[in-house]
Amino acid sequence: MRKSLDTIIETIIFICGMLSIVFVVLIFGFLFKEGFAFFKDFGVSKFITGQFWYPSSEPASFGILSLILGSILVTVGACLIAVPIGIMTALFISEIAPKGVRDVLKSLVELMAAIPSIVIGFVGMVTVVPLVKNIFNLSTGLTAFAGAIMLAFMAIPTIVTISEDAIRSVPWQYREGALALGATKWQTIRRIVLKAAMPGIIAAIMLGIGRVIGETMAVMMITGNAAHIPHSIFDPVRTMTATIAAEMGETVRGGMHYRSLFAIGLVLFIITFIVNFTADLFLGKKKNR
Amino acid sequence: MIKLNPKLSQKFSYLLLCVATILAIVPVVVIIFIIIKNGASVISWEFLTSMPKNGMCGGGILPAIVGTLSIVLCAVLITLPIGVCAAIYLNEYAKDNLLTRIVKLAIVNLAGVPSVVYGLFGLGVFVMFLKLGVSIIAGALTLSIMELPVIITTARGALSSVPYSFREASLSLGVSRWQTIRHVVLPNALPGILTGAILSIARISGETAPILFTAAAFYVPHLPHSPLDQVMALPYHLFIISTQIPNMPKNIIYGTALVLLMMVLTMSCVAIVARIYFRKRRKW
Amino acid sequence: MVNKIKVENLSCYYNEKCVLESLNIDVVQNEILSVIGPANSGKTTFLRTLNRMNDLDITYSRKGDVYLDDNNIFDMKMEDLRKRVGMLFAMPIPLPMSIYENIIYAPKRLGLITRKSYQDTIVERALKDASLWNEVKDRLNSSAMRMSGGQQQRLCIARILAVNPEVILFDEPCSGLDPVSTVKVEESMLELKQKYTIVLVTNNVKQASRVSDRTAFFLTGKLVEIDKTAKLFVSPKEKTTEDYITGRFG
């Protein structure tokens, strides 16, 4: 009796272990099913390289190039802000801050990660957007630049947490060796610690990028949602995520527009898959060393 | 280029790192401050416990609070047992083989899928294919899949922090593997698993994109009666009143944001404090 | 003399690397057999094979057979084998529960307790047999993690006794203990010999000479010599044995 109960439970545990695979396959399958139906009608290359996103005009045009560029512009902008700040913060927390301060800082970073994106979007809308408008004298503050600033705040916790992990897991002997040779603490950090932690830091950056690309609500509220090819970071842009979130409500279930949004989802899925897979490779490299 | 004195360059660099840290931390404080300063005035018992009035320009946000709580609780009830079991599988049973590598890759990938793509998936599978409609249960299922990798990862961390020797001691007495897990490993991993669960509740309470097409409704004049009802949800409500309704009184928007923020931050703080507490009084 | 355990042609490997080579050895009922030898001699691998603790290690593999009362242990259910062959580890590993719960843990999980009133009896008997009863009888409900190292190790012995094993394996049980606690553990070993068969792996040659009936000397994965303890320590047949027990290497 006891034995067979054990077997049943262990079978359940095994099934739960396999569910992650099932879900990934299911998600991909569903996106692919709808996306494929769309590609058959519209064509992949026209979809990816088309400049015009006019889903509800006659005839409709489903080119997502401007959306892809929008996503890239916001992501690059956010990374330019978040990566240096994130890595420097991680260095400060793990190498310089005294223990008490370190715990407080880490908790604050964790709180930052917990703030819902909708709240960040709202605060960005009432503070950063008008600020950008006035400072740069623009007709609207709803721009890729404002979006990049807010998204940087959301990527920083990810980058800090994972980089900090990587920096802390650099063995003590490395530092002692350098310090014993007469290097200052900063020289040790810059030349030895940073180098040894590099795979983990790259993984942190990748995961930060993943977070930014996938971000939806804040982007939708701040970037202006204009589906045209941006010329500068001070243009309003529309990202792939915002397009899905904003337009899904208006589509006819099963229609061309509906399917095109799944196709965008498929593109996003593939991008984030590659980003996370690469990050995982770097994290694995760190572990094997 | 002038070569800087190493001591001086160290001082300069430390200053730079310190400034960066302040830049990273200040937004948290500023965001919380802005929301509290502008929102605190509307918070009252009535605001929390009454229905919206005048096209949501007045009254309270009760249905949104209840809606969010019901979606989130359902989601956690679904995801926690599955996630803990999956963590047990990975930490206690899985051998180092191809299958395990694929499972781990799947988890990494699930963790990285954008929230709006989960929304699409939930719409396609739960709302349309399983015909659950836009409902609490469809939203909860969507959120539970999204939260699964997080629960698995934290639960695994908690399990692996239980010393291996405890397992050996129990097994050497003839106690079976599952019994060892159930009576030695799990009780000692429980605090870690629960703090992880609280953090996930906090996280999914604020998610908007996954419930956008699966659970959330613009306005529902009554509280939910069954899991198949559409509901209002705090984050979605905040989205609507801040972007879709012109002339919305600003203090109601801030008040709604404050309630959402406090809900999320309180749970996060509880989890952080609990984690520190349990780590300190751990018996081994 | 009844042979309790019979080892036939046992070879063990970690990642294909041989750590124990064609071992043949018998353990007699109610004796203390001690196994001595320097590091990497395969003595701990041998011990951990006897109750199949090594099966948890995926790099481990073996050839050959081990019989317990004429039953091949590799055909037995792992749980049944470990219930009959208990093991005491080098470091004391009390479970993070009270003293009382530590002892009652395994009997409960194995379904040995049919009536609740038995529990107290089992606990008292096990603690008495491990000569720990007098020290802890007034604080059975306090945490086992707060006992001294020697007490913890004897608690672990009591925990094994509570499931009524036939053989007890000691894996360098005193390596983490002070001399006074070591004496106490050795005393309980001699007591236990009346009821149980004991295999003791130890780094402490003197301990082997103090407590065991027979002693086996292992070197680099091979059994060099096995004999009555008195004989092996006075007139060993092999030169290497003599060198080891006189402290010339190891």
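A, B and C label the chains in the order they appear, each numbered from 1.
What we mean here is this: a residue touches a chain if its C-beta (ideal position, glycine included) is under 8 Å from a C-beta of that chain, and two chains touch if they have at least 3 such contacts.
This is a predicted model, so every value here is computed, not measured.
Peer 1: Taking each chain's centre as the average of its Cα atoms, which is closest to the average over all protein Cα atoms shown?
Peer 2: B
Peer 1: Among all other chains, pick the one whose mean CA position is farthest from the mean CA position of chain A.
Peer 2: Of all chains, C has its centre farthest from that of chain A.
Peer 1: Rounded to a whole Å, what is the gap between the Cα centroids of chain A and chain C?
Peer 2: The mean C-alpha positions of chain A and chain C differ by 55 Å.
Peer 1: Rounded to the nearest whole Å, what is the centre-to-centre distance of chain A and chain B, using the mean of the C-alpha atoms as each centre?
Peer 2: Averaging C-alpha atoms per chain gives centres 17 Å apart.
Peer 1: Could you put a whole-Å number on the gap between the CA centroids of chain B and chain C?
Peer 2: 48
Peer 1: Quick check: what residues of chain B touch more than one other chain, meaning two or more?
Peer 2: 176, 179
Peer 1: Out of chain A, which residues touch more than one other chain, so two or more?
Peer 2: 2
Peer 1: Indicate the residues of chain C shared as contacts by at least two other chains.
Peer 2: Touching at least two other chains: none.
Peer 1: Where on chain B does chain A make contact in their complex?
Peer 2: By the definition above, chain B touches chain A via 6-7, 9-10, 13-14, 16-18, 20-21, 23-25, 27-29, 31-32, 34-35, 81-83, 85-86, 88-90, 93-94, 102-103, 105-121, 123-125, 128, 145, 148-149, 152, 176-179, 199, 202-203, 205-209, 212-213, 235, 238-239, 242-243, 253, 257, 260-261, 264-265, 268-269, 272, 276.
Peer 1: Can you tell me which positions in chain B touch chain C when the two form their complex?
Peer 2: For chain B paired with chain C, touching residues are 95-96, 165-166, 168-176, 179, 183-184, 188, 283-284.
Peer 1: Which residues of chain A touch chain B once you look at their complex with the stated criterion?
Peer 2: 2-3, 6, 9-10, 12-14, 16-21, 23-24, 26-27, 30-31, 34, 84-86, 88-89, 91-93, 96-97, 103, 105, 107-112, 114-123, 125-127, 153, 156, 160, 184-187, 190, 207, 210, 213-217, 221, 241, 244-245, 248-249, 253, 261-262, 265, 268-269, 272-273, 275-277, 279-280
Peer 1: List the residues on chain C that touch chain B in their complex, please.
Peer 2: 51, 53, 56, 58, 79-84, 86-87, 89, 91, 93, 95-96, 105-106, 109-110, 143, 145, 156, 159-160, 163
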